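Next come two complexes, and both contain chain A; in the first it sits with chain B, in the second with chain C.
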Partner chain A sequence: MASIAQPRIHAPALPRPKAAPSGLWSWLTTVDHKRIAVLYGVTAFIFFLVGGLEALLIRAQLTRPENNIVDAQRYNELFTMHGTTMIFLVVMPLSVALFNLVVPLQLGARDVAFPRLNGFSYWTFLAGAAILNIPVLFALPEVFIRIAGVAWTNFFGSGLLTTVKTFFDFWPFPWFNGWPFAQYVPDQGWYGYAPLTERLFSGREIDFWALGLQVLGVASMAGAFNFIVTIINLRAPGMTMMRMPIFSWATLITSILIVMAFPAITIALVLLTFDRFGGTMFYRAFSLVDGTLVTAGGDPMLWQHLFWIFGHPEVYILILPAFGLVSEIIPVFSRKPLFGYAVMVYAIAAIAFLGFGVWVHHMFTTGIGPTPTAAFAAATMLIAIPTGVKILNWAATMWGGSLSFTTAMLFAVGLVSQFVIGGLSGVMHAVVPVDTQHNDSYFVVAHFHYVLFGGSIFALLGALYFYWPKVFGKLLDERLGKLHFWLTFLGFNLTFFPMHFLGLAGMPRRYSTYSFESGWWFWNVIATIGALFIAASVLVFLINVLRTAQSKQEVGPNPWDAGTLEWAIPSPPPVYNFRIIPLVTHRDQLWHDKYDRHQEAHGRPDGLADAIVELDQHPERAAVGVAELEAQAEEGSIHLPNPSYYPLLCGIGIFLLAFGLLINNPHFQLGFFGIPIVSGIGFVLLVTSIYGWSFEPAG
Partner chain B sequence: MATATAIELELETAHGAGHDGHDDHGHADHPPTSTGLNSRKMLMWLFLASDCMFFGTLISTYISTRNRSIELGTPPYPNEIFDIPYTSVSAFVLLMSSLTMVLALSAIQRGDNRGLRIWIAATALLGAIFVGGQFFEFTSFAHEGLTLSSNIFGSSFYVLTGFHGAHVTIGVAWLMSLLFVSLRGGLPPEHAADVEIAGLYWHFVDIVWIVIFTLVYLIPYADGPEGAVEAVPEAFLRVLTIGERFLTALPI
Partner chain C sequence: MSRFVPRQSDASATARGGRWPRLIPLLALVGVVVLLTGCGPEVAQPYTTITPQNEKTEDIQNLYKITFWASLVVFIGVQAAIAYTALRFRRRNEDRPEQVHGSRKLEIAWTIIPAVILLVLFIPTAQTIFKHAAAAEAEDAFRVDVLGKQWWWEISYPTIPANPDDPGQGPLITANEVILPVGANVVFVLQSNNVIHSFWVPQLSGKTDVMPGHDNRLQFIAEKPGVYWGECAEFCGGSHAWMRFKVKVVPQDEFDAWIAAWRTPPATDGNPDTADVVEAPPAFGACLACHRVSGTNAQIAGQGLPANPGYVEQDGTVVPGPGPNLSLLACRDTIGAGILENTPQNMETWLKRTNEVKEGVYMPNYYDPPEGEGLSDEQIDELVTYLESLKPAEGCPGDNLLVGSEVAPSDVEALDPDQVTGDASP
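For the complex of A and B:
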């Protein structure tokens, strides 16, 4: 790994405005990584609320046996969209928000390598999220009207529901047949197993799901390319790979996972789309010809393989950023450097590598044969080793440290404890006979919520508290924060721990209801109560955000006394991040500067000691390991990329292109292709924008 | 588009980077990258890594269903329909386009604008001939009854080779754009990286075709429903019988 130890002079470019521009247009055309981080964060949080609402509806339905708050169809839609939303529209974009915010700052860079591509990632993400959620947007009001009707009937005897029904029977507007799109909510489960997704068994809703995921894949891959190049190429002088903060490592490896794993789902979805509209038979074992079943030659197992070749690395795409965040938070609040930094890096890499060789453990019950089953079971157990190393290193970081339990630290330690529980039940699933028993039961639901909620969401919430002052210049309230944590922690365990019992008692996942005789009522009630605690915790967080926004505090650059470069610059950071690009000599540079630079200068005469002694005589430059030569850089001459509206236009183009395929709109004929007009416009817009982008001088 | 001054050029070549780190054309006033490698070139390599996975997924899908239409007895069969001499010629055309692509890059690095335009046009033309040939091949196969929905072979054959054809088509459009830019005088030698990156993509698409051509056209298929069984290698059968004999010899 080559590195550059020499500081460089940055040639002055055109003068740039010093103040951050404001207004809607500046947000639509922004290429600033910090603003894109905020856009990602806010969008993901809104979807967190939507996905949470879906979860609450699921819990409401399961509170008592033979409940009928939502019918089986709506229930299928709810768990499908809950899973899809939480994975693709909450955990991934929240992680990407933190990549965007933290990585360039940690690296000592002024922006990512491709600022416009970064904007493109966000707008494309938004397009995909919109396509997935347009049906939900129209379906949810209907669900709530129905629930209100049921509640009314329960409390006041029958009345309103029949009134409403009669009213709709005599609906005077024939052009209004219910909300548009409301019947197109995907309902096949987040992993969309074939042949459920074939046209014989499904309708338009699968197309919304498939195209939405396809577009989200484009966004994720564009972002991943960008972060890999940024991390490899835009490190500050002196920052070798092994001096890089651990979160940047996590980002790098997660991005590599995205680049290697997303093509599998993209092709899987392409094949599915061909099956649905091109008459192919990739996932179709049988065709219906004149009322008789004919062997087609396709294989539903192909979908399972392709999906999980993507799906298992996806699990690590969700958790590795969380591991990186926790590895940043725990050392700061233990007042100790991370224990075993290099081993932590290797562990992340090992988890990612092994993650490509375990996908069949999602398919143990498909009868794939003893040899592959044994091989994949062994590979799955292997993953416990690097993961265990990480847990040990976090514990060892805290060991003997001077711990302070701020909210961020509580969430980080929460991850360590809760992820261990989820990890242990994960190892249980590597034991094939046990997995065969647990498969498709609530035990599995408990397991993956312990790793994804107890893991990813805990770390992301902790990171919100940790990085909030860096983004907004204000600390979130710690008292409300601690209330938030304990409510989340309590609610989370109340909701998901009983699901272990339910699973072992035989409750299958994805059933819309259960009988009185099943004996599952009690723990379901507990789980619902827990879900209400989680909902309350989210409200506390929102109150905290509002109160913090109104407060008039100002924090300095480094409220937590942390050691990485992002804490060297003011909070919130100026548009150009670093007035002077720092020279990095150590891993936790700020701690080095503050605590042991003087000592080192006298005790360990290495090549850098002279420069450091020299800097000691100029305290005004001693903020970060400042490169003397670069101290001449003037604010006005800092080069920044120009804003651009082409990323937004590309996003709109992709949205129209996909959306035109999903709605009924007139076609025009091009050879033997009939092209929907909306898609045609989207395509033309996309291509024009790509050309405009290519020829735009980016500044 | 700003042109780099001589001094900046010197600086750049000293660091082995033909271009700056940002995704724009011709700004040499950025700091050099940590590795000295051109960021845009690195981006293209990463895209090609993901493209390997795209084609890898499609190719494994094809291989997993390779003989299935023969085993099921659902014609048309691959070994009957392929015209290998015809496809060999178009494969040759595509491979030759890699040569012209290299010549185009060499021309721009030497500052030979005329050569650059000739070789880029030649590359695009050869690519277009390949796509045209594929279009003709698809049409003739369709006349013989092989469609997306005729059997699993038709499904996987058209999707795999069509996906590759779409890659070549995009490549041709890209080369035409470069040619257009060059004719407008927008491709001075210091923008050689623009041509090099397009070349990386082009060579990759060629290499993928070598793999597809071998796997889809050249490696023989089973001869028929009975042939599919015969095609199981004899050595494998022998191992099976050894195992069987071993099992029957066991005192259980």
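For the complex of A and C:
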């Protein structure tokens, strides 16, 4: 594998970027999985801040009854974008960042199977994120100026509010009718139930949401296929499926879930777009003809089925990578192998499989009849079994271990402890009569935050601490890290535990405000205080990142004494990852090489991973020197993918294509003889880039 | 099971001393949570789900109790196990612990035990699902039709004609308040011609979605007189938070009186100035585009309300649909589905600043319209006087009732279930 003769392709001489070690251009054209991981991670973290800001505004509005920090319209936009952002632009891409970083290294591969497709996934993801968030970019300043105005009015009397209003009525470009895009923030909730999304009851903001999600779907599908192929084909010699690290298993199964679940929402959104622009009636029970309501024959239930056939597996797309990460972190800091590895793999697979058979539990109150209700209740309860096994196996991994509570370990154990709460309230929802009281109330909000924050976010934050040295060669500060964890843990519980009480007190979700008589204010005040703690914890993390960036430290390949292959190579890893592709004989290869090998009876010299470690300690013994290897990488005889313009250009093309359709309306008048010119440019760019990509030599 | 016995630590005595300070944040957190749970203020919670007021919610509450206690046991067990493990197996030296790869016995055990617990939980769940579903199909039940609108509720009684002499006038219709005779076995038929809503009276029943194109049914027995607060629980756009309603369960005679009052013109002593408010003021003509008042001339003037649900054109033009029926309006507790208390001052505010009070409302502002001249202050005053006079001389139904959350649960249990039958339809 060290040297592969490249077939010569006679291709048109298209411009190609040179492999550069640094600089903006090297990032824009990169196909290196480690760099793409950083791009995903940074982007997702920025959106984590945006989504968090939206959450803080939501909490501010709900702090007291009949508050007017934001109006109902803006509030609806805030919770819609908070949910959409946190799911599609934070947890999913953060998971993908870790897939990208960890999986090829764990497998002993030099990159993913399709490196340019990997770049394409990222740029397309960014295009979708931009489509969803361009309206937010314009709306958020307006929200803050309004808040300032309200505050001013409360303290100093009216006056400023009028000035602010006048300022926003003024827009110096006459071809834009008003403050652009600010009225296009999606406002229908993250699951966008038809017929609220039909044109009769909504505006163009739905198109931003629908098209943004479609583009994100393209990115997710491309990424998922890439990881499936990578994991099936690029495992190091000797790494059987059951010797594969558990996070790679989680990645494989999550990717399969993505491939099977996303088509459902793609179809749902296509049908919605037909309904909105083609006059079809997939989701419309009634239609308005000449001002009279007539039966249309469509059914809003169709949307709910299609959406949740995607939406419930999506929940597992969000949590299974977290389970994988925790299964990596806990054994390392317990200095014990994962308890019941095979059962843990089966449990992930079982959760994923059952995850396709429980979507109706989101629809228990839609009146689907007792038999399907009971059947889906049973299926939902079944999922608790493999999940419970995972929780107990993690606890058993810790039992008898030598536990070191680093920040990463704290977050991982935090998941085990907090996910239990979300899991138990999940079982309560499977008890359907109880669910008829809890559904769409704050009890559900509490439940899924315990699962997605106490689950996914905890694991992802822990993984940041765990893998930070591998990516950047520096350890995040542990003291600040522990402060980060405890602030998060405290703030998280203060924010979301009271929501159980609010739900039991009958507070429905998605209420922009509530009356004093409803008796909900007390726990809302507590929840807002908790949200401030979470905000503080994020600040602590940012300080930690900045301080670590400034610190001068160098960590070795394996600062945590972990057992999987990614810890055999230097931190940060060289562009080619492994000088020699390792031979795998055991699940925790490095532990085996370090602790167990000499105890084995036959004592055969197995484990080339061991050789890698040795190479790092004694580079002079290497048959191939570091300089020589890097020279080989440079000239292409180590098979490394070259940087490419085309993934980026494809992403830009898709963005212009979609965005052009969205702004091709009378509001912007950017069409030309009815032809959407921006989309046209995007389409041409996309097709040209795919053509160029096809003929770009691989080596 | 010897491999689960931990290593004996020589330094355990000293290590234990250093262990507790690390626990302080955790203990502090537990303390805060316990403190907060205990210190929640004693506030009335009219939407609460945990003080059932009839058999149906009692069923739900019983199931909730089972799941709650089972969950609490599992929760404490798992958290204690994690905390204990975390404390006991802290790293004290650099020795490598025994490498345990798993235990088939244990893993089988903690697969089977949850399965058994869940099976135990599933049996009463399924029983209750089928029991409640069967109850909603009852033939002899008292039917009430509910039409969810953006953002209010239209309530009609298909078995009670608006005019007994002329069935063509349709059923008795009201809005945002469901008046029920005590003991009625009610089946609500939930309909929508616009978006999805969800009909939820937490103290009387779980919620059921109001799904366009589906006539979903929701049943409960109104066992105890009282006022029960209800709300919309499915996000339905702009003013979703202000789609409240009330269920007023009144004695049978009050219910009959309410029907009679609905059918007769309002009392003439409602307004001391004109002495005859049966005649609506001329300005009310504008309201007739969308509203009706039964028992007055307002019902006769103009036939046929708009046939659309109310919507907004893509260019922003608001197209109003039919509005709430205003018969006995002055008896309702609130204006705008819960947003304002029903007082003359608030009615004036509502008429003058409709769209500011309730965001996105389809009712146009006739006082300060975007184009043309609106109604004068005097005309608004006339309208307020007229609307606030729309109530029976002998008083409104449910005037002296307790709010549901104040009714003691023991009163409900004391009720003889045999008396609670479906023969309440008048």
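FYI, the second predicted complex is superposed on the first by the 613 of 699 C-alpha atoms of A that agree within 3 Å, B and C clash if a C-alpha of one lies under 4 Å from a C-alpha of the other, contacts with A are read in each partner's own complex, and residues count from 1 in each chain.
What we mean here is this: a residue touches a chain if its C-beta (ideal position, glycine included) is under 8 Å from a C-beta of that chain, and two chains touch if they have at least 3 such contacts.
In this text the structure is predicted, and so the values were computed from the model without any measurement.
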Clash or fit, chain B versus chain C on superposed chain A:
fit
Does the superposition put A:225 against chain B (first), chain C (second), both, or neither?
first
Contacts for A:478 in the overlay, against chain B (first) and chain C (second): which applies, first, second, both or neither?
neither
State whether A:697 touches chain B only (first), chain C only (second), both chains, or neither.
first
First (chain B), second (chain C), both or neither touched by A:373
second
In the superposed arrangement, which partner chain does A:288 touch: chain B (first), chain C (second), both, or neither?
second
Kindly classify A:142 by the partners it touches after superposition: chain B alone (first), chain C alone (second), both, or neither?
neither
A:268 in the overlay: touching chain B, chain C, both, or neither? Say first, second, both or neither.
first
Give one of first, second, both or neither to describe whether A:233 is in contact with chain B, with chain C, with both, or with none.
first
After superposing on chain A, what angle in degrees do the C-alpha centres of chain B and chain C form at the C-alpha centre of chain A, to the nearest 10?
90
One more residue to check, A:439. First (chain B), second (chain C), both or neither?
second
In whole Å, chain B and chain C in the superposition are separated at their closest C-alpha atoms by 13
Where on chain A do the contacts from chain B and from chain C line up?
295, 298-299
Seen from chain B, its contact residues with chain A in the complex are 1-2, 8, 21-27, 29-37, 39, 42-43, 46-47, 49-51, 53-54, 56-58, 61, 64-65, 68-69, 72, 74, 147-149, 151-156, 158-159, 163, 177
Hey, which residues of chain A end up touching chain B in the complex?
1-4, 8, 10-13, 113-117, 221, 224-226, 228-229, 232-235, 239, 259-264, 266-268, 270-271, 274, 278-282, 295-299, 302, 306, 309, 581, 639, 641, 691, 694-699
Per the touch rule, the chain C residues reaching chain A in their complex are 3-6, 25, 29, 32-33, 36, 40-41, 43-50, 57, 59-60, 63-64, 67-68, 71, 74-75, 78-79, 81-82, 85-86, 89-93, 95-103, 106-107, 110-111, 114-115, 118, 121-122, 125-126, 128-130, 132-134, 150, 190, 193-196, 198, 200, 202, 205-209, 211-214, 216-217, 229, 231-241, 306-309, 311-312, 314, 319, 338, 359-360
In the complex with chain C, residue positions of chain A that touch it:
71-73, 76, 188-189, 193, 195-196, 199-204, 284-286, 288, 291-293, 295, 298-301, 334-337, 339-343, 365-367, 369-370, 373-374, 377-378, 381-382, 384-385, 388-389, 391-393, 395-396, 398-405, 413, 416-417, 420-421, 424-425, 427-428, 430-441, 486, 489-490, 493-494, 497-498, 501, 503-515, 517-523, 526, 595
